[in-house]
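Read through the structure below, which is laid out as structure tokens, and then see the notes.
Just so it is clear, A, B and C label the chains in written order, and each chain counts residues from 1 on its own.
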Amino acid sequence: MLASRHVDHANQAPVTLFPAEQCCLTIDRFSLAYAGKSALQELTLQVPRHRVTAFIGPSGCGKSTLLRAINRLHDLNESVSHSGDITLEGHNIHAADMKVTELRRRVGMVFQTPNPFPMSIYENVAFGLRLQKRLAKRQRDDVIEWALTSAALWDEVKDRLHRSAWQLSGGQQQRLVIARTLAVQPDVLLLDEPASALDPISTLKIEELIRNLKSQLTLVLVTHNMQQAARVSDYTAFLQQGELVEYGPTDHVFTNPRLQRTENYITGRMA
Amino acid sequence: MTRTRLSSQPLRHLQDRIATALITAGGIGVLLAVLGIGVFLVWEAAPLLLSEELGSLSMLTPLAWGTLKAALIALLFALPLALGAAAYSAFFMSPRLRSRIKPTLEMMEAIPGVVVGFIAGMVLAPWVERHLASTLVVLLWLPLSAGLAGLLWHLATRRWQRRLPLSWAALWLIPWLIAMFFLALWLTPLAEQALWGGDLRHYLYDAFGLDYVTRNALIVGLAMGFAVIPSVYSLAEDALNEVPRPLMEGAQALGASRWQAVTKVALAAAGPGLFSAVMIGAGRAVGETMIVLMASSNTALLSASPFEGMRTMAAAIAIELPEAAAGGITYRMLVLAALVLFLFTFFVNTLAEVVRQRLRRRYQRMGSGA
Amino acid sequence: MTWLKNAMQQGVWPWLCAGSVAISLLMLGALLALLLTRGLGHFWPAGLDEITLNNGEVVAGEAVREMPLPDQTGSERLYFTGNRDLDDARWRWVAIDTIARQTQPADLLRLERRAWGDFIGYLEAVEVNGERFTGDDAWQQVQQALALPTAQRTHYQLTLRTPQGQTLRQSLATVINVEAPNAMHLGQKLRAWGSEVWQFLSQGPRAANTGGGVWPAIFGTMLMVIVMSVIVTPFGVLAAIYLNEIAHQGPLTRLVRIGVRNLAGVPSIVYGVFGLGVFVYGIGGSLDEWFFDDALPSPTFGTGGLLWASLTLALLTLPVVIVATEEGLARIPEAQREGAVALGATRLEMLTRVVLPMAMPAMLTGVILAVARAAGEVAPLMLVGVAKLAPQMPLDGEFPYLHLERKFMHLGYHLFDTAFHGEDVQAAIPLVYATALLLVLIVLVLNLTAILLRHHLRRQRGSEC
């Protein structure tokens, strides 16, 4: 098996980031267009297992589009066309035998604004479970407690599990959404600017949660906040105008970017 | 915590596919059924149009005339009231009052036609017959007296103007109008005595040969106007209220008075919206059945007099269709009348809707440009 | 000239517009006030006058209204005198000038009877199983006997005397109620008023719609509206879901949407024509040929009936439900749908578990608005199935209990028919007012519920965003 490589646009030479057996998600020459307008062009990168990978870049660079493509959320939109492959643990996500619902169970997604359903906290976490399989109430309760504990929310809500989820604060709602996703035991968790609508303290809690979750699953984080990417991620990919500009270990990308474009963006944002 | 692999269930996907197919079939079926009304009417009326008996179409002439006459009088009565009320509540009324008045007036629309028709036919018609002169005077005098109140207000001192602000004028005018109504009732018989020898009806008959029927076009117009006012008001008010405020303020900054800003800028900007409101009103007036049935004498006449009755297409359908033999000439004729009503209202409503959507886009551009 | 221009622009025109609002409000207020006073006032036990005219004639009855005398000065008063079995008239116009004396005797009674309408006069005596009571004793006996069931009242024979001196014997079994309104105090009058209102709501019409109540019409309206809701709700919701969630959002869908919206503006009578042609003659006629041919030529389903009326009104109110539901669906944030889908839900699961529960209040609003519209709609029903007086209720103890082919009574049509085709319109008018008031109240309450529901819904949405 080939070692994991990354094609650098500057010198077109593959760079080895991590051994191939650690690769969880492979994106291979993936392009995507909305109604004929190109949004992603020939993207190629690999996401390592049990690490946090951050996608950064100016707004409209395609980082959210890429994230949504991994979850096949574009299926709902008929004007979207794509080419190239995305593979999850060796399975092409667009393959005929890949059920989209199973893919989405294995690849959880958390959105920019918290979107708990208008139900109780308990029912929110149970939502995904109920879709999958009949569990005895006892078992289900256990999974829910585990998911809420993993999302660092259990202590705050254990006394009001049957109250409406909309009564929680924004930060709690976002952690509830993470717990809801964790409950179906995904392999990958996609986070689309999960803290952009939250206050600084809630943001810190989410970041801490992301670092802790690494031991359980692979995380991909889209953010416009450089410090956040620097604080929580192990690898960072910099996208611009639908193209991958630079990809590497976070330390390298932030302290010693290979390309001027990357440096401009990072320093411009950080100043 | 051990990670158990949850199995995916093919049943779920089957269910989903079946449900989607069912919803699609059901949805399209319902839409087809609804749109099938037009197809049915054409199908049933077509043999008549294709047959030799085109001459019998003349039967429809008085009905078409009656429909137009009733709708015209109703609009003549309803449009000034509805549009005036819309302009006032969009530009002058205090927001607190508006939040109460608008739903109240919109509630008017919910009053069943059969109730309005009953009041018009059994209460209003006999009363107007006895007080014809007073009714006509009141119809003119009430708006004039509202204007008179405005003139007095303009002449009043600042202190009084502040005490009775224009933004609440709709409330101040209620007792004033009631007083003016009774003043007119009290004075008119005296004038009637002096001018027309005591009875306007006799005078009209003697001088112009005008017949007076208790349930006549005037009554129908008043009652149907009452029924049309809320829908026209509601749509017109929405259109006026959506006029971007910077547009009005710009005009006033150039030295226009508030009233000028309303007439010169807002009316022009909201013109299409007002047009669509009027169209919707016309559609309602043409198709209203129970009011015409109960408030007009239902005689198929070709008379222009507002004091005589008429029979509209809708009323003719309601009266004659249950007795008409299926497939007969009368039956097909009445279905043809229904088809005409259907096409007219459908066309008018579509026009109104298209105009309204175009206007909304225009406002959005204006809003973003400002 | 500028002065005039200023006066017009700052005073006259704006106040003229304000006048439009005031006039509209006044008309609405006058209509409601008229319905309220006439509709509820009818049940108030009105005082009974006994007048002696200049020529010595005696008239007794309830004063109804006064009008100026035609072509003369002075005015005349209309009395309801009852006693149609004795003098063949119920109404009497009396010129005010000709009244010599007017009193309100405390013992003047009004009897509500099963036949011949009301009796107004005095109670002479009561015979119970050969025993004879007069004066206050007689009155007591009658009061007690009225509490008994009708069958036991046959032993009571009343001897009545009209104000003109005629006597009349009447069995108490044929009497519904006896009251002496002139002797009642306020509490008694209130109680009598309440029981009259209750009778109006709970009984069937009597004496050619001039007495009794409108219960069958209320029942028929309710039943029709319920059957209609059962039909319109699933189909309306289905069509709305299709339009909003499944259909490709292209120009064709937009066109269909405008079309559906516009159908709400098509006159109701056109739906009636469609119902008559397609449901009654088309489907109903075929059903009769296939299944009920032994009953032909008298039609079973091939004539207007409950089912066809409900179907027609369902079609009529379909756009209302579709539009309201679509509005509710469009208001649900896309994030909710994506949240469900991202957890691995299929489209069906997303719809049934997240979207539809959230759109529920909007659907409810739509159905309530549809019910309000259907309850007040009369014109199409004249073509597809109401009856002046339905001999059988469409719901009874006989198998299959719900008789969808039967004709039924409807409040709105009952109003129309009583007011315009009654035998004695004068006597029926107060009940028509009451019916109109009831109909308006039902429709307004339904509309208010829908408005409040929608308002509540919007506020809830607004606070969470």
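Here is the rule we use: a contact is a pair of C-beta atoms (placed from the backbone, for glycine too) under 8 Å apart; a residue touches a chain by one contact, two chains touch by 3 or more.
Remember, it's a predicted structure, so these values are computed and weren't measured experimentally.
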(request) Provide the labels of all chains in contact with chain B and in contact with chain C. (result) A
(request) Identify the chain pair with more contacting C-beta pairs: A-B or A-C. (result) A-C
(request) Would you mind pulling out the distance in Å between where the CA atoms of chain B average out and where those of chain C do? (result) 24
(request) Take the average of all CA coordinates in chain A, do the same for chain B, and state the distance between these two points in whole angstrom. (result) 56
(request) Give, as an integer number of Å, the spacing between the C-alpha centres of chain C and chain A. (result) 62
(request) Going through chain A residue by residue, note those that touch at least 2 other chains and give them in order. (result) 101-102, 105, 131-132, 184
(message) Where in chain C do residues touch at least two different other chains?
(response) 346, 349
(request) For chain B, jot down the residues that touch at least 2 other chains. (result) 12-13
(message) For a test of understanding, state which residues of chain A touch chain C in their complex under the given definition.
(response) 71, 73, 76, 78, 101-105, 108-109, 111, 113, 115-118, 127-128, 131-132, 166, 177, 180-181, 184
(request) Would you mind writing out the residues of chain B in touch with chain C in their complex? (result) 12-13, 15-16, 19-20, 23-24, 26-28, 30-31, 33-35, 37, 40-41, 44, 80-85, 87-89, 92-93, 101, 103-105, 107-108, 110-119, 121-123, 142-143, 145-147, 149-155, 166, 169-171, 173-174, 177-178, 226, 229, 233, 257-260, 280, 283-284, 286-290, 293-294, 314, 317-318, 321-322, 326, 334-335, 338, 341-342, 345-346, 348-350, 353-354
(request) State the interface residues of chain A toward chain B in the complex, per the touch definition above. (result) 99, 101-102, 105, 131-133, 146, 184-185
(request) Please name which positions on chain B make contact with chain A in the complex. (result) 1, 3-4, 6-9, 12-13
(request) Write out the stretch or stretches of chain C touching chain B in their complex. (result) 6-7, 9-28, 31, 34-35, 235-236, 238-239, 241-243, 245-247, 256, 258-263, 265-274, 276-278, 281, 304, 315, 318-319, 346-349, 351, 372, 375-379, 382-383, 412-413, 415-416, 419-420, 429, 432, 436, 439-440, 443-444, 447-448, 451
